[in-house]
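Shared between the two complexes below is chain A, which pairs with chain B and chain C, respectively.
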Partner chain A sequence: MAKSGDGIRILQGLLVFGNVVIGMCGIALTAECIFFVSDPHGLYPLLEATENDDIYAAAWIGIFVGFALFALSILGIVGVIKSNRTLLLVYIILMLITYAFEMASCITAATQRDFLTPNLFLKQMLERYNKSDTDNNNDKWMAEGVTKTWDELMLQKHCCGVRGPSDWQEYASAFRSRHKDADFPWPRNCCVMDAQGSPVNLDACKLGVPGYYNSNGCYDAISGPMNTQAWGVAWFGFAILCWTFCVLLGTMFYWSRIEY
Partner chain B sequence: MCSSWVVLAFCCLGQLCADQSLKPQLAAPQLATNNPTLTTVALEKPFCMFDSSLHPNKSYTIYLYAMKETASAISSLVTDSSGKPLDSTFQQTSGGQLGPYKAALFDVPNCASPPRFADVGDVNKVSDVLKQYLFRVGDDGTCLYDPNFLAVCNPPLAPDTTYRFKYVLLDSTEGIMKDQTLWSDPIKTRRVKLPLKIDTWPGRRSGDMIVITSILSVLVFLLLAGFLASVSSAAMGSKDSSTETRCMSQTIQQSEPRPQLSSE
Partner chain C sequence: PRPHAEPPVLLQPDGATGPGLPHKPKPSMASSTLGGLTTSSTFTLEQPRCIFTDLQDDVVIWLVVAVPEGRWDAARPRGEHALAYMTLNTTLLNYPCPKPPGEIAVLRVGSETSCAEDNTRPTCNGPLPGPGPYQVKFLALMDSDPVAETAWSDPITLRTGTAAGVLVPPVASSRSRLAGSFSKPEAVTVRRYNTHHVYDQPAARL
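Then we have the complex of A and B:
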């Protein structure tokens, strides 16, 4: 059962190196997930209104898992250097729990990403944008969030609707029930604005004259950041888990071979 | 004598031919991309359509009449018996259902210098270009409910309905119709679909998700198996070493009392 001293040293060295990498990746995961949770593009109200905001839940789990990985990696380094069986057993058990949480985060992010289709945002935009007769406070909150987010999105990204301005013409909507088609074929923010924030030419915008209204859809501006977030959480977490798998197997082997 | 009659006949024939081929057209789709909408239709003004009927020293006006296509079975006349154009309104004809109503009046568009599409790019000129080039039927949403409104009311049209339009040339001083175009081709306003019918089911699972889930599940299984294996091997190893030490301690105990006895 006795391994040569060199073999033990090499295994210890590898495990310490593995834990250092885990610690650094843990900090990186925490930083990445904090960045996503801070919602730099202001798209969270759209997800909240679809009641499908689990990619944010995955990012929240990622924050805590990253921190746990960092703390456990320090414990692991201490345990390996001191060859302490108790410390290493605690390390392995806690790591397994953290592993399970991170696995949940990755799978959630990857799965929920599949639900974010153009039709989902289209339906939500038509039903909630500028909705005036809301059923309860929650409905009102969501409608206000969606309206504010879409207004800013159309203004800043120079886009209109999900696939294009024709979305407003092809479908009935809460907006259509509040504003007449003759005055508002689409929301005012779909028009090209001047420096003061009013349309350059309202009649040209209503007629759809090229250059006076935003003719492209907003779906790319929405799905781009959301895809980045979902894939960032899912794939980076997956990479960390693959590495952690190897380190944990090595630690278990090391633990079973050291004497009390 | 004969030749002048022939010339006159040709002229009349020419006018009739011109009338039969001239109808109100939709505004150019490159310019007005959102046309027709739910409740409006943008029509090109009648450029060069009435030039053969214009006398240089008289003033003319153009009237635009609109009616639903179903009304052509009831009445499609735009003049009364004396040749004067009808003064029907949107309300009188129930929005064009019972016959044509007058939707607009404007000056004869300038055939010699029509507005140029290239000017549309200039922010200062675009309003003039649009005003000269086209007319938007259904533009005014408030005139129907405004009791003080005295001009020609142009209320929004009905969605998902077919309409037909006609231009009439009127001599302003005499008030008599001088020329008219044919009724336009049927133009249908848009209809809306309900958002409830939109299908939000995402369809197939993406490849990313399948790879991540399957590989991670396998890794977790291997980890748990490895953990159990290492715990059991550590337990077995400690059992072996504990039986060894017990034997050794027994032999030590047995060998210890003898030296004590001999000393006593």
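Then we have the complex of A and C:
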């Protein structure tokens, strides 16, 4: 039996509107995830060295899911307007698959928050920064990545160590085994630099005179962007999923009401 | 020319080498706002400004660093079983009084890494081998004769690195703790060095 014409029209209108929103959100999710994957803060080598770059995997999935959502929303709009059972069945099945992928991506990104702790980055920095005796190519690659990333991080964000320069004093490290404590209480990049990239006053930096060395830690500069990425992918994805759930329910109801 | 090394001079526990040697306030650590006040092989003292005010300008001020007994690393080129060494010598002219405000006048003990292994430089201000505790005092010499000195400082302990799940580099750890009442070495033997040539080493002082 067919519903009254007005009811069907309203349902169709709602479904088209729902799909338009899904399409736009899909494009937004793709754009957001491309932004994260492009690693604007240059922190990817740190994650790579922890051998757990799940938030990047979640972002990659987000790129493809967003594009899929956009394509499927167009299919959904066409199917609803034409009231075509086949098109709508294809739409529902593909949308469920995309839903599952997006759910996986969101949960992965959301659970990363507990993984990115100060101690994780501290241990990695102490073990890999400036490490010279690497075991194999992979180890060498990771050590170089970590060293380069930390050097740029300390230079650009004006910070030193994870919690502060005392990290280099309190703990043994690969850096400490290569450089004497008297010459390098902390790495050179912890010093305040002039325009040419050399320390303003090296002796004052070694002494730890306030103003000549970076006395704050880099943890905020690392965890800030990473948490933003994790939360951005996770919670925007969850919002899209909630909306998509409603639209899917409506589409299934509409599909069941279409006459053959 | 003087001989390179003369018979050692004994300094008594209370710091006097003989009757009537003036006693000065003990050396103090630099301001705690310095992030590198103590590291694992260096520490930083305030310069002895306005302390030796009654002496002539050409007096040489030395820093005497005393090591806890029995802890001296045998690899140090300072003579076997030395209990103290002298370093950071400079004329009183380099410690003008009063100190200009805003100037950071410090002495960094342990900063010279270039001469640490050099046996020909026994007065090298090389990195300290262990966490101490060390005690220091300033000694004023006029032609190798002591004319003034400060009291011994409070014991200075350096930072020790702990393992954060990381291997700690091997440090001589088989030392026994000193008793809590220990405040000065029992006897200090100080080799007299040829101070005929006085080196002005502003870079070495930091």
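The rule is simple: the second predicted complex is superposed on the first by the 259 of 260 C-alpha atoms of A that agree within 3 Å, B and C clash if a C-alpha of one lies under 4 Å from a C-alpha of the other, contacts with A are read in each partner's own complex, and residues count from 1 in each chain.
Operating definition for what follows: contacts are C-beta pairs under 8 Å (C-beta built on N, C-alpha and C of every residue); 3 or more make two chains touch, one makes a residue touch a chain.
Just so we're clear, the structure is a prediction, and the values are computed from it rather than from any experiment.
Chemist: Under the superposition described at the top, does placing chain B and chain C together on chain A give a clash or a fit?
Modeler: In the superposition, chain B runs into chain C.
Chemist: Looking at A:177 after the superposition, I want to know if it touches chain B, chain C, both of them or none. Which is it: first, second, both, neither?
Modeler: A:177: touches chain C, not chain B.
Chemist: Quick check on the superposed pair: does A:185 touch chain B, chain C, both, or neither? Answer first, second, both or neither.
Modeler: both
Chemist: With both structures fitted on chain A, tell me whether chain B or chain C touches more of chain A's residues.
Modeler: Counting residues of chain A touched by each partner, the higher count goes to B.
Chemist: Is A:169 touching anything from chain B or chain C once the two structures are fitted on A? First, second, both or neither.
Modeler: So A:169 meets both chain B and chain C here.
Chemist: Can A:103 be said to touch chain B (first), chain C (second), both, or neither?
Modeler: Touch partner of A:103: chain B, not chain C.
Chemist: Does chain B (first) or chain C (second) touch A:248, or do both, or does neither?
Modeler: first
Chemist: So, A:231: does it touch chain B (first), chain C (second), both, or neither?
Modeler: In the superposition, A:231 contacts chain B only.
Chemist: Taking the stated contact definition, name every residue in chain A that is touched by chain B in one complex and by chain C in the other, in rising order.
Modeler: Common to the two interfaces on chain A: residues 119, 122-123, 126-127, 165, 169-173, 176, 180-183, 185, 203-204, 206-210, 213, 215.
Chemist: In the complex of these two chains, what residues of chain A are touching chain C?
Modeler: For this pair, the touching residues of chain A are 119, 122-123, 126-127, 165-166, 169-173, 176-177, 180-183, 185, 203-204, 206-210, 213, 215.
Chemist: Note which residues of chain C are touching chain A in the complex, please.
Modeler: Those residues of chain C that touch chain A are 30, 33-37, 39-42, 44, 104, 106, 108, 110-113, 126-127, 159, 161-169, 206.
Chemist: Given the complex with chain A, which residues does chain B contribute to the contact?
Modeler: 27, 30-35, 37-40, 42, 120-121, 123, 126-127, 130, 134, 136, 138-141, 156, 159, 190, 192-195, 198-200, 202-203, 205-206, 208-209, 212-213, 215-216, 219-220, 222-224, 226-227, 229-231, 233-234, 237-238
Chemist: Which bits of chain A are touching chain B when the two form their complex?
Modeler: Contact set of chain A toward chain B: 1, 92, 96, 99-100, 103, 106-107, 110-111, 113-115, 117, 119-120, 122-123, 126-127, 165, 169-173, 176, 180-183, 185, 200-201, 203-204, 206-213, 215, 231, 234-235, 238, 241-242, 245, 248-249, 252-253, 255-256, 260.
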